[in-house]
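Naming follows writing order (A, B and C), and every chain is counted from residue 1.
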Amino acid sequence: MSEITVAPVAAKKLLDFAIDGVAMQAEDGQTVIQAARANGVDIPHFCWHPQLSVPGNCRICMVEIEQDSGDPWFDIACNMPVTAGMRVLTKSEKIKTLNQDTMQFITLNHPVDCGVCNKSGECLLQDYHYELNGAASKSRDPKTHATKFFPLSDRIILDNERCIMCTLCVRFTNEVSGSKALGAVHRGDHALIRPAEDADFNLDVYSDNVIDLCPVGALLSTELMTHARVWYLQATKSVCPGCERGCSIDVWHRKHEWKLNALDPQLNTTIDRVTPHDNPEVNGLWVCNKARDLAQLFERPRAEQAMQHGAPVELAVAIAAAAQLIAAAKKPVAMVSSWGSNEELAACHAAFGTKVSGFVKADHLPRPGEVIEDHLLIKPDKNPNRKAALALYPALPERVSDALPADTDVVLVWGEGFDSALVPSGAKVIRLDSYTHAANATADVFIPISVQTERSGHYTNFAGVVTPFEACFPVKPSIVHAATLFAALSTGSDA
Amino acid sequence: MTGLVQRLIPEFEVWKRRYPAGFDGSLSIPALRRIQEERGYIADEDITDLTAYLGVPRTQIDEVVAFYTQFTRVPLGKHHLQVCHNVSCSLRGAEGLVKHLCGRLGIKPGETTADGQFTLTTVECLASCGTAPMMMVGDAFFENLTPASVDALLTELQETP
Amino acid sequence: MNFPVTDTSHTLAEYRTRFGYQALEKALSMAPGDVTKEVAGAGLLGHGGAAFPAGRKWGVVKLDDGEPHYVCMNADEGEPGTFKDRWLMECVPHMSLEGLIIGSYALQGRHAFIYIRGEFDLAHRRMADAIEEAYTAGLLGENILGTGYSLDVVLYRGAGSYVCGEASAMLASLEGKKGWPRNRPPRLTVKGLYQKPTVVNNVETLANVPVILRLGAAEFKKTGTPKSPGTQMISISGHIAKPGVYEIEYGYSWEKFIYEDCGGMQNGKALKCIIPGGVSTKLLSASEIAGVTLDHNSAVAAGSQVGSGGMIAIAEGTCMVRLAAVIQRFYHHESCGQCTPCRQGMGWMERILNRIVAGGGRPEDIDQLYKIGEANDGTTICSLGDSAGYACSAILDHYRDEFEYYIQNGRSMYDGNLTVEDPFADSPFANSLAGAAS
């Protein structure tokens, strides 16, 4: 995943086969479920996953193979290699009966507490119940019980009654994250998913992927449980700014028609959850927990008021003041944000040309205890767009004073991560930031700018892959988009 | 690593010599049996130490100890009475045998006597169907049981130092 | 003819007086492929319950694939009613050991395994002693009998799990993990123990191998029937007058075996039904075994199977409803929990049967039991689920009236009786409720 290599792929032998009478082709070596998926046919499955080992335990993917001899042959599609001429039936009477039986079994001791379960609305048990069963339970005996709220970690709650023992979570920790933190103990219908007794699942920075993987409401985010039902939310495609990999994500937030009648409008512009967005070029199907916690990042106290020397002023006044300072400056220097989007960086460069010397800073450094780099997704640079910025400006030198000689008269600080004490005495400071910082009040001019979720744009990741993000929320009138701002501050000199 | 597993490693190393290379994980079950033989149960530290010695994921050992009925995480009575209650034994009086033991010992299956002498469990087929009803005490089979032979056995076990 | 079981019948010295290890010597002088051909030619069928041709299984393994090959003796006898492998290991451990060594030679394996029930302490010690005797005598280890072939045998003890008798679960257990069976493909003969080609054979199957090598396939086929050559060890128990381990030639009369050799039922009672080969085989009523011979085809034609050779005789007056509940309790206890139909179905069946036994049965329960069995038929990872279905539906097929009576009246047609002679009838606690819900 860390390099993009384009290697010539040897042509695979193709096999002709059919599903429900429709002719199609499979690659030699594919299983029926893989070949079906490649041809746009979705065979129901709980435990199968295209990127994990095949346990074949849920049994919902059973298909029938039509044979000339007439003898019935049925088996799970996830472990059945396609053979030439195979005639697969997914909706025969036998399979319909088996599917119904499997659903009866799998919900036999299920608490069916959809009313209070946060998976409701995106739960495969619900979907397949309607699609494949539709009947009430045939059992007349009390359901068995198990642990309802087992803290798998600080972030994840496990409900053993809802668990269908598909082992997706176990296989994920064995085969993808490598923490090997989860296992299945005991036997039969007493079997339980449990963390290894010495494992702290909190230490697995990919832990929350099991929440997405879980097809039912057994693994739920403790955070989201108090937020919203999934049908109140919509997903907007975005990019995680947590490091230079720039994983593709979906940011979930309230749909307009489900907005809360709340006194505080802020409640309708919250990030309710973040899930990975499948991007084979960048992050595949996974994200690390930092992406999950983006709400914490984006919902820090916002700077919403333009200021001059700490006194509130109208936005237009502040912009005019800043433009004046730059126009009059003899040696202006800009601390360029590595969180600026490709568009904002281009606007900055176009606006200032050669008049303003720019240096790219690292807005964010790794926090204490944060994973610097690993085998999977995490990269050391904790800024989403340094590569694009460095294409336009040099990096800020180790000795910052090399970039800020004594005769610097205006310093434009764009974004976070710059210590104002490094500004040469006598220089004016223009600060552009989204969040409240003490330095905002001491700047000569302070202009609040929008955050990623309030605009569209692109980031370029460490490997040069350009990925778009879209706006989730409206921007307040007192806050300006950096790109618009730069145009207004333009010196008119050549780029 | 301290204690029991450390002490048993020389034995485990001897066992390893019969296995093909790369089969270290296989030693988990025999090692756990040996540990339980010494301690009477599997302690938390045993699992930690064994995981380190074998180089297997911790979950493997956790799962094995929980999956197999012969491993216990808690100490049992001095004598573990395991009575088969499967088909052939039931056809030859296993239910009466269980009742008799419950009556004599004053406990129910799954329990241990207050003096810590006897734990009673019902188990599945021990391949002793031809000599039913029967039970396993520790590792030893006692077959063709009657009230008299059970009472004599209990007395004998009670008197074992 | 009785096998002379003495304090020393299990030793190497005594085994030698019964042609012991002559077959191994002969096998080592043959090409490995020819050993397999001999076993295949003898038509030896597996004795663990599936009756798969042993020679064909061996023949799948490619000797020149550059991979290690493992032969694993399945000594995890756990099928209720079966105790013949235990007998073989306690009394004549060298027979199956010699078969294991010959099989390993045929498959050019360097290591072989014996997976034995954790509960079989005596059999384990006897087998361990036999292995050490073999090493000392140069029949195991480096350069066996100076032929250049080397083999190490690992005796591996299980720890209490019926499902580990299933070959793929056994191999998972041998890898030091929980005994979860695996889906096929791939077959174990292609990817088995640690993903290497592995052959799993039952104790009795391997015990037949020295006989085949010594006498030759043609001679071996003179016993038994054309489709079932050789003999079957039968362990019979239940209400039979003379329980124990018997060896019968395939084709032997079933009724003769029950009524003459085994003395009929206790107290001269009439036979109600027979479970032929472990509880996972369908029971046959007394009339259904009339004229039937003990061999694979005949058992199948009669509606059941030879199975594991664990025969259970049940006399008139036994409550089949209670018996069904005992059997289902077993399957529920042993389900590994991996796949949906068995994990949920076993408990469901037990709960229904317990409810009927407790007097709370409902008319729809019978059909529901059938339905659960059907839903486990061919849909599970291993055959534990299927077996529970077969066992229960066979009882229902034959004794539906008992279930209907129990459901309608809230009590058993036979007072819940399971015994003919109950040694604990005289216990002072015979009528207590203590331990009633065991």
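Definition applied: a residue touches a chain if its C-beta (ideal position, glycine included) is under 8 Å from a C-beta of that chain, and two chains touch if they have at least 3 such contacts.
Please read all numbers here as calculations on a predicted model, not as lab measurements.
Across all inter-chain contacts, the pair with the most C-beta pairs is B-C. With chains reduced to the mean position of their C-alpha atoms, the one farthest from subunit B is A. Inter-chain centre distance (subunit B to subunit C, centres taken as mean C-alpha positions): 23 Å. Separation between the centroids of subunit A and subunit B, computed from CA atoms only, is 49 Å.
Note on chain placement: the centre of subunit A and the centre of subunit C lie 53 Å apart, centres being C-alpha means. Shared contact sites, meaning residues of subunit C that touch two or more other chains, fall at 161, 178, 333-334, 336. Residues of subunit A in contact with two or more other chains: 184, 186-187. Multi-chain contact residues of subunit B, defined as those touching 2 or more other chains: 60, 63, 66-67.
Residues 44, 47-48, 51, 57-60, 62-63, 66-67 of subunit B touch subunit A in their complex.
Interface of subunit B with subunit C (complex): residues 18-20, 22-23, 25-30, 32-33, 54, 56, 60, 63-64, 66-71, 85-88, 90-93, 95-104, 108-109, 122-133, 136, 139-141, 145-147.
Across the interface of their complex, subunit C is touched by residues 54-60, 62, 74, 76, 79, 81, 98, 101-102, 104-106, 108-109, 138-141, 144, 164-165, 184, 186-191 of subunit A. If you check the complex, the residues on subunit C that touch subunit A are 161, 178, 183, 185, 332-341, 343-348, 351-352, 355, 362, 364-365, 368, 371, 374-375, 378-381. Within the complex formed with subunit B, the subunit C residues making contact are 68, 77-83, 85-86, 110-111, 117-122, 152-154, 156-162, 173-179, 194, 235-239, 243-245, 275, 279, 310, 312, 314, 318, 323, 326-327, 329-330, 333-334, 336, 418-430, 432, 434-436, 438.
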